[in-house]
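Let me give you the structure first, and then I'll get to my questions.
Letters are used for the chains, namely A, B and C, taken in the order the chains are written, and counting of residues starts over at 1 for each.
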Amino acid sequence: MSFWNQTLEIARVDLRVERRLGDTLRIVLPFAVVALMVFPLSLGIELATISRIGPAVFWALGILFGMQVALRQSAADTQERRDLHALLGVDPAARFVGRVLSGGVLMLAFLVVLFIAMVLIYGPTLPSGYWPTVLLGTVLFSIGLTELGTLAGEITAGLRNRTALASLIVAPLALPLVIGASQSLEALSRGTGILPWVLLMLATDLALAVIGVGMARPLEEATR
Amino acid sequence: MTRIRVLFSVAAAAMTVGLWFALTAPPDSLQGEYSRIINVHVPSLWLAFLAFGVTALGSIMWLWKKKQRWDRLASASAEIGVLFTGIGLFTGMVWGHAVWGRAWDWGDPRLTSTAVMFFVYLGYIALRNAVDDPVVKARRSAILGVVAVVQVPLVYFSVNLFRTLHQTQSIRPDGSTMPAEMLIAMLVNVVAFTILYVALMAARTDVARLEEANRETELLAGDAVKPPKLSEVGDV
Amino acid sequence: MDLLVHLENAGVSLGGKPILRHVDFDLQPGQVAGVTGPNGSGKTTLIRMLTTLLRVSEGAGSILGADVNSDQVFAVRPSIGMIGHNPALIDELTLRENLVHVVRLAGLAEERVDPVLEVVGLDEASDRRADASSFGMRRRIEVAHLLLTRPRLLLLDEATSGLDNSARELIDALMDRTIGDGGGVVMVSHDHQRLDESCDEVMALSSGRLERAR
């Protein structure tokens, strides 16, 4: 089977499993919305502050809860299944790309719904024409975070406390994505260009893609 | 099935009457036409509180009697409660945005508590979906159902404990602050929604009962497994 | 005749500890080799080494013609089949969907799925989710997958434990088919009677060393 066929098959099965389990939309997303509500309650109820911090809280929660979305596949991956893929001759790079594809779709849906919830709950003042910038930022953010989560899942495969460990690996490395996404919206508000921030996220995504594809085979062999 | 059809027919008629009252009652002098949303918002939340109370009752009865019908009652009511809490929150946000210029009012603990209640019961449903064994499912969700019902009185009485921009309770022991026609319209809709709840409960518990019966009569896995065709192994 | 497996002084260390040491092992085409040994003696490690998924830490040799110390092993993995302790099925998919997934990844035609399900006796049970299926049913799907992929080297790690007679016979038929195709089988088992009946030679693992038992 060709590389892309393997990629699409892995993504297809991942999404089918998610549709049956429903963890992302039925558990992680509601949890993230509850977390959206916790911030203002702990800060007090000054409306101006709440409105201002809305987008920042969104991106921060996007990282924290997005990690759970990104790591859920590797958390469910057993050694037997990894062995089976290896014995079927599945290219580890195809596994990586397939996981990023399916995880990216879920992450994007998750973030879009979370953003809408943030707008409703925080009532932020957003610059006019913000949707394309937010969408672009969300797409690049989703791709990068999923790449990081997939890589971290592979690095920690088979280890005790792998979910917590993988989260610890992902969180700091995802900072360029948070900065790029949040600052692009700020730049739009200020009327300055969003290009530097978009390029930052794009560079992060590309670097992670190259590392993920290039290191897929060594990682697979190292985690036996 | 006839019983359920009758219930839904009565509910449809009641909702139609409620709609008529809602549209013909005079609007509030300050809020204008937006005040009509109260005829969906308040009954939805009333129904949500009722539903979660029934969930608690069903949960307690299951823990006491261990009869599956109480679990069906509790879970059906929780699902309907989540639906109507969602409707109540949504209509509340629409109303809030129209009247106060913001969809969410952080100064209103009742709104926040209602949202929290929504998520608690989403968690109840997620818990049920995560367990396959019917007895384990019933036990765990019964315990959560009893704990979760603490939210219901907290929501209803929070408006009396905290200062809020939201309206104070429309119906108070010392009389109502609403004009009589608006009050009548709202009460008619509360009754209509309650009838709808009964119809939905009847349908949902019926479906749950049929699902359980289906599971019991489903072929045991062993019945569906046949001896292998060893002579054909070489032809594969 | 080229050996399917040739190992000289092979060893595997895990976590810095030697698990297998000084393993000399040859497997001819058409041969069934049995391996027995006490718990913790390294039987599963031996099987995983033979799959090439665990690389040798010392020694030399070849598996299906690929040098065990090189990346040539990646190319021969699709010709190796294994039934391990736990079936490698995705719980949330049905038995049939699991098999279709494997068939697609192996680049085989999906039309072959239904006939093989009938052969293994799961044609009426294949719409059950894997996590709602018995161990025996999950094993049968593994056998179905191997019937389709036709490995040249078949590795069985306690493959018949916990199975009923018809499932055991199915695994026997899989072994016979592999041998008939010119392949070889390595079988790990605690069932000495089964090893005696099925194997051309039986070896014992003790303290990481492989010795001929009969």
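To be clear about the criterion, a contact is a pair of C-beta atoms (placed from the backbone, for glycine too) under 8 Å apart; a residue touches a chain by one contact, two chains touch by 3 or more.
Predicted model, so just to flag it, every value in this text is computed and none were measured.
State which chain is most central when centres are taken as means of Cα atoms.
A
Quick one: point me to the chain whose Cα centre is farthest from that of chain C.
B
Please work out which of A-C and A-B is bridged by more C-beta pairs in contact, and write that pair.
A-C
Could you grab the centroid distance between chain B and chain C? Build each centroid from C-alpha atoms only and quote it in angstrom.
53
Quick one: chain A and chain C, Cα centre-to-centre, how many Å?
The separation of the two C-alpha centroids amounts to 37 Å.
Based only on mean CA positions, could you tell me how far chain A sits from chain B in angstrom?
33
Could you check chain A for residues that touch two or more other chains and list them?
none
Given the complex with chain C, which residues does chain A contribute to the contact?
It comes out as residues 1, 5-6, 9-10, 13, 16-17, 20-21, 78, 80-81, 83-90, 217, 221, 224.
Sort out for me which residues of chain C touch chain A in the complex.
My answer: residues 48, 51, 53-55, 74, 77-78, 80-82, 84, 86-88, 90, 92-93, 97, 101-102, 104-107, 149.
Once bound in the complex, which stretches of chain A touch chain B?
Going through chain A, the ones touching chain B are 22, 26-27, 30, 33-34, 37, 40-41, 45, 47, 50, 120-123.
Within their complex, state which residues of chain C touch chain B.
Residues 112, 115-116, 118-125, 128, 132-134, 136-137, 140, 147-148, 166-167, 169-170, 173-174, 176-177, 180 of chain C touch chain B in their complex.
Please give the residue numbers of chain B that touch chain A in the complex, ascending.
So the residues of chain B in touch with chain A come to 93, 102-104, 106-107, 112, 115-116, 119, 122-123, 125-126, 129.
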